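So, here come the structures, one by one.
Next, two complexes with chain A in common: one pairs it with chain B, the other with chain C.
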Partner chain A sequence: MDSATNRLIRYLFLSFLAIWLVFTIFPLYFQFITSLKPVAEINSMVPTFWPETMRPENYSGIFADPGSLKSLIDSLIVSIANTLLSLFLGTLAGYALARFIRGFAGENIAMWILSNRMFPPVAVIIPMFFLFDATPWGTDSYFSLITLYLVFNLPLATWLMMVFFRDAPRELEEAAYLDGFTPLQTFFKVTLPLVFPGMVSVAMLCWIFAWNEYLFANLMTGTTVKTFPVHIPSFTSGSQTLWNLVMAFSMVAMLPPVLLFIFLRRYMVRGLSLGVVKG
Partner chain B sequence: MSLKAESVSPDWFKHKRADKNLIVNPVIPWLMIGFPVLILVAIVIYPTIWMGYHAFQNTNMMKLFYQDWEYIGWQNFATVLSDDRMWDSVGRLIQYLIFGACLEVLLGTILALTLFELVKSQLARVIILILLVLPMMLPPSIVATLWKFLLQAYNGAVNHLLIKIGILGPMERIEWLDAGLSLWSLTMVDVWQWTALPLLIVYSGRVSLPPAIYEAAKVDGASQFMVLRRLTLPLLKEIIAIAFIIRFMDAYKFVDKVYVMTSGGPAQSSELPVFIAFQKGIREVEIGEAAAYAWIIFAVAMVLITLFLKYLKKVLKAQTFA
Partner chain C sequence: MTAVKIKNVNKIYERGNVHAVQNLNLDIKDGEFVALLGPSGCGKTSTLRMIVGLETISSGIIQFDDVIVNDLTPEQRNVAMAFESYALYPNLSIAENLAFPLEVRGIPLEERTMEVNRIAEMLQISELLNQRPGQLSGGQQQRVSLGRALIREPAVFILDEVLSHLDAHLKFQMLFELKKIHNSLGKTMVYVTHDQMEALALADRVAVMANAKLQQFANRNELYHRPVNRFVADFIGEPSTNFLKARVCTIEQKIVLEVNENLNFYPDLRRQELINEKGLEEVIIGVRPQYLTLQDGTGKESLTAEVLINEYLGERNILEVKNGSDRFRAVVPPECRAIQGDMVKLFYEPNHVLAFDPQTEVCLL
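The block that comes next holds the complex of A and B.
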């Protein structure tokens, strides 16, 4: 290949990258400017690509609205509780699978646990709806969401913790035992510090998945407990949607996962690839 | 941890067992794994069996309430399999898997390698990577709401942007969410959000390849195209495959954006099998039929997942040997 064609190909690929960048950024940019517009400007026949009148009150409106605030708090409660539970159970099971239950049984249990994450939740939700309906808390409760989010977060946490524990050198634990540490001491003083970065990444991923979840929340809850994705339709009354508030609310709700990703992305790659990419 | 390493290094666990002096009571690991397994049995296996039972009953809302459903054999499966609504949705699912999942992996790989090989500045690379991967972290419900807003026919931003560029005339409008285009629009939104995942995985995989082999290729005078074909792509093959598997399984159960953007409509034009199963079960409360739907979806998923997990295990094992 001569250098002219070579350069042409490079420019082609680079311009594709540039186009894709614009395609990725434009909706987010438009969401941001819409969150600053007054309703009248949004409903005009021709949309403006920069707000003619700035209306930052949209944001203070979100924080003044008790419904919106409550939905964010509900989301926080559900996602944090679910993350802690997934992390705790996942660490237990992951350690057992990485160190004690090996061979045929261990591998099949691990694969079965991970397979739960990939199954379509359609077979789960209908029976669970009737099951939770029969409990004293009902379907519309923190308990039901925190439990149901385990369907996807517990397998992820278990699998990833297993991968991280397997990476932690066994020889260090061995040395600790020889020095007279009890199993618990070894676990807390030697093993846990080794896998701590891994635990952080598992926690972040589980939290983001629980925070973003829409399907279970939409079908199970909506009155007593209302996470933020379920709250978004309430900005619509009749045929009128207050898009400025929807966008301002969305900006607020998506900020935490975005910030987490920007600062901790290095830790997340491993988890997102189910442990394959070392990152 | 590899099998090889185990057989070479002394195994303290076995050694202690031989001395009848166990470090850990053998029951404890099974307790550690027992809690999570029990929970998963309760929230995944039990519901699946429940659905398996009702797939053979004529259960609906009233019958469930009075508990007087009865056994009707394979009738629910027959109803589902002879339903055009189901087969149409299978066609849509295949279209969506090809233009959604496959396209995402292809685009993600191209973008990741372009970014790594052709953007020279380290800072620019990191910034572009973060911007490109952002959509993936956003809640799907917000993404769907945002795009529904952008794709409005009369004063939507996308149509007006196309007018500004000159692709559409000032009075022309594309009805993005009508029956002809709704599934394509959904696919586009999904590609917008999830191309980021293969991109991030492949990019990180490329970063972790040892620079030494590239030095060697350079010394041998290989062209950049040759290096890409003979070195980079073969080395990233498995990582790309894993990215594809993860996307494929997520796409298979894709339903949240359908709910927010189109609710399956207009005129059932964007219904996917999983969505129909939900509608049958939750809105129409035809439990028996929904259960048959769910079990067909479940059985197909089971085959795919078994194959995929075998591959994943192989890749992880090969890594520890490398």
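The block that comes next holds the complex of A and C.
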């Protein structure tokens, strides 16, 4: 290939990236500026691409409703508790699958666990409602959401942790046994540090799912417990949706995952590429 | 100080139904340096893992002195092992790696540091103590892994192919170091390798394994001069032994082994008797290339052959020669200038002609 074609391909590639960037950034940008606009400007026929009148008060306005802060706290409780549970159970199950149940049976069990993640959640949404309604905690509780999200997060956590554990060299564990560690000590002091980056990325994936989940939260909860995705549609005035407040609240709700991702990026990248490059 | 006795040990892997070790008997003396030698898949690693306690024993017993260790954990057996893949803890520094076995045993920090420094000095890795395993070269990692095994006072040392990843120069250096360490510690050591050079250089006795069975357990002299079968004769020695099919003839009441009409071998009297006793009509002759020389001497027999290749290797040459359709090799001095097509006369001592039963491949000794 001559250098002219090479350059052409390079430019094509770069312009594709530029288009892609606009495509992904624009909704965020529009959300951001909308959160700063007054209602009248949002409803104008010709959309503006920068607020004509700035209304940063929108951000304090959303917290005038005490339910806003509570919904964020509810979301935090549900997502953190669910993440810790998924990680704990998924790590143990993943380790067992990676080390003790090998061969054909192990593969099948692991695949079956993962397949739980693949079916459409809507298919079980009604049975789930009745199932949780029958528990002493009812549907509208932290318990219901925390355990319900396990259905989706645990298979993912188990599968990913199994893959990470498989890639962790077994010799290290054997060396630790010989050095005098019990299997449990070995697991915590030798094996877990090896898969730690993987655990971080699994935690992120689980947490983001639990943080963002709307469908089940909307159906199951709403009074005692109200996570923020369920709370968002409540910013209305009469029949009018207050889009500026909706956008401002969404911006606030976006912060925790974005910050978390920035801080844990190092681990995320290492975790997600764990097992991609061997050796 | 521990002697290791392996009695009728079998290892059968349920999955795949593999009989990896068959009826193994080994008697390793206290303080002895023993090598388990064999090609890959011969069962040597399974044997080693059973000694260490990382693999269950299907049947038979393993004793450390008089204690049956079959059901003991690796820690209770008090064995130290250096792994082929080093198995250094990547999240710990070199010093922490070395101190790990001591830390587990609750030895105070001061004493740990002292021991780490002592071992590091012995293995010349003192300047690496603050680094991580990932920053080290293979040779350095290997020494750290040895150091971790040496730092405590185990009953038995197990070394699993520990030199296989080192370059030739470093390998020689480490061979020497290992021998020195063994001499100064006087511990029982079991060394697993597929490299006969390493095994012969290091070990007091070598257990040669093939196809899940022990072939021969002897010192290097025995293995070299009195191999029990064709496999051992072939596996031990570099370049490997020449094997030639021969017919047993009797000429003037002496047994002569005829390879082809121009090539006869004359074995010594003892082998003649043995061949006679067995009533063999055919044998496989084994002659080491080292024992086919250009030098004549008293009692030597000779043969002639045509040179195919003269391979120059520095301190020696290897001649690839043929007689009729039979090819074999001889080790000659580097001054030998023979080129393709030349005829050479090669000499051998009759007692260096090994004879194998063609059916069982057992050596007639």
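As a working rule, the second predicted complex is superposed on the first by the 242 of 279 C-alpha atoms of A that agree within 3 Å, B and C clash if a C-alpha of one lies under 4 Å from a C-alpha of the other, contacts with A are read in each partner's own complex, and residues count from 1 in each chain.
One rule holds for everything that comes next: a residue touches a chain if its C-beta (ideal position, glycine included) is under 8 Å from a C-beta of that chain, and two chains touch if they have at least 3 such contacts.
Bear in mind the structure is a predicted one, so any value in this text is a computation, not a measurement.
Of the two partner chains placed around the shared chain by superposition, chain B is the only one that A:V269 touches, whereas chain C remains out of contact. Which of chain B and chain C touches more residues of chain A: that partner is B. Legend: residue contacts after superposition of the two complexes on their common chain; A:Y177 is shown touching both chain B and chain C. When the two structures are aligned on the shared chain, A:L194 is found in touch with chain C, with no touch to chain B. In the superposition on chain A, A:F16 contacts chain B only, with no contact to chain C. Contacts of chain A with chain B, set against its contacts with chain C after fitting on chain A, overlap at residues 171, 174, 177. Partner chain A is touched in their complex by these residues of chain B: 1, 9, 12-13, 23-24, 26, 28-30, 32-33, 35-37, 39-40, 43-44, 46-48, 50-51, 64, 107, 110-111, 114-115, 118-119, 128, 130-135, 137-142, 145-147, 149-150, 154-157, 160-161, 192, 195, 197, 200-201, 204-205, 208, 223-225, 238-239, 242-243, 246, 249, 252-253, 255-256, 259-260, 274, 277-278, 281-282, 287, 290-291, 293-295, 297-298, 301-302, 305-306, 308-309, 312-313, 315-316, 319-320. The residues of chain A lying in touch with chain B in their complex are 1, 6, 10, 13-14, 16-17, 20-21, 23-28, 30-31, 34, 43-47, 49, 89-90, 92-93, 95-101, 107, 109, 111, 113-116, 118-131, 147-148, 150-151, 154-155, 158, 163, 166, 170-171, 174, 177, 183, 208, 211-212, 214-215, 218-219, 228-229, 232, 243, 246-247, 250, 253-254, 257-258, 260-262, 265, 269, 272-279.
Contacts from chain A toward chain C in the complex involve residues 102-103, 169, 171-172, 174-181, 185, 190, 193-194.
Put simply, chain C touches chain A in their complex at residues 15, 52-54, 73-75, 79-81, 83, 85, 87, 89-91, 100-101, 104-105, 148.
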